């Protein structure tokens, strides 16, 4: 029988599948939290979850409105500081994966969380970096989660808050940065990055979407291989965990 | 009636008199501990006592064999780390006074706690710096407590562990160091330093000693003003505190 | 030394034009009562620094007290944005030096240790650093690692005139415990010339001496200790009280226009002589008790 | 992840030639059982780093396991000197890079934060820095502050292969609490590639989750957790047990000559299969209970 699931659930499950057991993961709120806890509850029990403000491996029993909500700190093994988490773990080079979201991203995985409009003219200022730029600069790899929309997947973005592969090719390394984005997960598809050009490369299309739909709703043309498989759907167990224990109130997946 | 007291007791009392209320004082074990607690129990109740390993304002009820003895940490207000005490307090420039002792000192208050003999030839290695060099480099002023002996007050010392006024005059400032020694307290006299030359300058002679005795038992000639007063003797109250509550076992005062 | 003071006295010690760091993180342990009193006293031209911009900063900006902001971006979590801060940036009435969380944290850390500068891997290849170089070129530089030759971005230390930290527990000397995560607060306090502690509860120094490992801010850094329950309202204080969702939603509505915010200030800042009058506006004790943290959960 | 291991297993994971930082401070929280096992297993050519040289380092040097020492000087407090270390320096069989407490602490701090170098005010105008430049020129440099032009001495980060930390409490993942002052131990653990925790007691992770502010070494830094009571004997562990004065005095007597020290090693290291046999030499439980810390005083 076929399972019913939402785009958000598939995105969370796809994010979870990118995480390996034993890895150290820097997480922001929303889908990444669901993806991380799902991975920890299934194939990655020894994965470590970090929140930048000073939280390691919490076990929340309630959903929170953000990282500033004590509900998401509950039962942490460590409660410390930015310098501890972002300094002695991230800046020291110990973070394997960082999750990033944003207002806009370009074909090189550069992310904008700062403003919409023209930075030199009329613009609306938004959230800014928080730890995003730090994670994008120092994590071994990052996973971008963003809605699939031509206004979000753009040829050029208004502001680079968190660098991806900058202008592609060797430009990220030339800027003095290691790591870089490994995946972009949208509600229609999953992308990787081309080894050489560092341009976004289509890896799989979510069941229900088509290649035309995927390409027709983005502002640039990703590399498209001849064969593009469908994204593996969530398992019954994964959906059960998300719906009954990780996000019963649909707060993160809303 | 005249009070009986030991050289050590007069040295401790003289050290205490150098400390002002509200000051932050970095202390090593021995006489400085007695001087500091005595000051805090008398004229300087709001003085703060620091031990480099991470101790602020302890209230010991037993004497200890050294800073590594939990007896001297007892009832501290803070138990932290080297980086906290020597970094965010001393290196930040918040320490007013540091007490220093040593094997040898010269007329500029340079101190040797590292070795006796010839560093290039035959020598005996001793304690080394610990926090002494850090305190000599970053405290606003230091107070040297040392036995009055030609083998300790020398023309040239074997090794400069903690810089005083280096070669005198502007040489300490030229070395990039502020502060410097303000007093040298021995068992025969108290010295300051000449404004210009930064050479040791006799300030007072302990009751019972003579100028000849003082000058005859040191390896260099200090500046001697025409009038040299006698050091003010301890009060009955000061002696009572030292003998009954600070060092009843004569552990620090030998 | 007894440093107990009223909020009015502590705030009055801050001259206009000072650099103040604030302890809030979006909607938790924000120096809200402090910010309201600063606005009440008409202190202005402040430079405010904070790793992640929070509600205390947004209120101060909305109250017209801030000239310059040094931060790593911020929000009110799911409740909304720092609309007053954003408006100030959009209409150029606020100079905002925008970094990332770690770069501001490292600037505080360097300040706390008497370091002249601190290297960092962040900011490179971003528009953040380009903007900082345009707005405040003197706060960043590039130098070669003398050991490897590698080029490093280095940041200038942050040295606030005053650090304001909302804590759960302190004694009258200012020896303070922070329960839960501390984000940038300890480095802020040690980097600043002095710290104003706003404590939910003041305990005897004897209590501090019984758990000295918990003293994250030693009293020697502190100039004033203000004992003020619910001083972070409507934000939360871990293990003391939860955030007040309705009050934050009302704040977000008020952010919409300068006019609506002005009315908010009239009602919740200017019409209140002090923090106790402010609290009464929300139904006083009866309402506040509904926010009291559960002893096990801490929220 | 369960990282519980025997002392033998943990020590066996360290190849000869490794750089090991030790948690001791003269005669407290010294990694004594660890040092004895290293000597037993014949591991050698170690580089050892520690802010203030302690009894664990002196024993390792006396046991011939150390090639190079990076420290800030040290002693056995009133009991005596680091005679084995001093002898090695005097007869040139040990390379000792001698700093001050803070300069070694800053080198660990830089290592713990991924900093390429760290500026410091100490060492200038002393023979310490002259000697370091002769012995290990590559570990120090001078650079100009890009913001003021002032010349600063900068130190290279210390990056131990293994940090060995004696703590009071840890869980099986290595989440650790240090009771009392921590001196350089937290920076050591975070600067090192991995940490071996030697804990007086191992508690369920549930206990750690109840006081997460006390977790000063997160488990992610830890490779092995060794549960070993009295592992610091004859040095003290605050709130667990006092130092064993008689046993330290016997050690000091043994330091006198290489021959007397050799006999000490035979009796207290080589003749003991493990730590339990070592403890029996002192009268076992009956004697150790006399050292048990008073619940109020902590020593």
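Read from first to last, the chains carry the letters A, B, C and D; within each, the first residue is number 1.
The criterion applied here is as follows: contacts are C-beta pairs under 8 Å (C-beta built on N, C-alpha and C of every residue); 3 or more make two chains touch, one makes a residue touch a chain.
Bear in mind the structure is a predicted one, so any value in this text is a computation, not a measurement.
> Hey, what chains does subunit B share as contacts with subunit C?
Per touch definition, common to subunit B and subunit C: D.
> Any chance you could check whether A-D or A-C wins on number of contacting C-beta pairs?
A-C
> Averaging only over C-alpha atoms, locate the centres of subunit A and subunit D and give their separation in whole Å.
Here the centre of subunit D sits 41 Å away from the centre of subunit A.
> Please tell me the distance, in whole Å, between the geometric centres of subunit B and subunit D computed from their C-alpha atoms.
Chain centres of subunit B and subunit D, defined by C-alpha means, are spaced 29 Å apart.
> In whole angstrom, what separates the CA-based centres of subunit A and subunit B?
So the centre of subunit A lies 58 Å away from the centre of subunit B.
> What positions in subunit C touch 2 or more of the other chains?
In subunit C, the residues touching two or more other chains are 114, 121, 150, 180, 213.
> Would you mind listing the residues of subunit A that make contact with two or more other chains?
Each of 79-80, 83, 87, 91, 138 in subunit A touches at least two other chains.
> Show me, using the given definition of touch, all chain pairs that touch one another.
A-C, A-D, B-C, B-D, C-D
> Sort out for me which residues of subunit D touch subunit C in the complex.
114-119, 121, 138, 141-143, 145-148, 150, 152, 154, 156, 178-180, 213-214
> Quick check: in the complex, which residue numbers of subunit D touch subunit B?
Its residues touching subunit B are 25-28, 51-54, 71-75, 77-79, 81, 85-86, 89-90, 98-103, 105-106, 109, 120-128, 131, 150-151, 180-187, 235-236, 238, 242-243, 297-299.
> Can you tell me which positions in subunit A touch subunit D when the two form their complex?
Subunit A residues touching subunit D: 22, 24, 46, 48, 56, 59, 75-80, 83-84, 87-89, 91-94, 138.
> Okay, in this complex, where on subunit C does subunit B touch?
Where subunit C meets subunit B, its residues are 1, 112-114, 173, 175, 190, 205, 208-209, 212-213, 215, 218-220.
> Considering the complex alone, what residue numbers of subunit A touch subunit C?
29, 51-55, 61-62, 64-71, 73-74, 79-83, 86-87, 90-91, 113-114, 119, 123-134, 137-138, 159-163, 166, 171-172, 175-177
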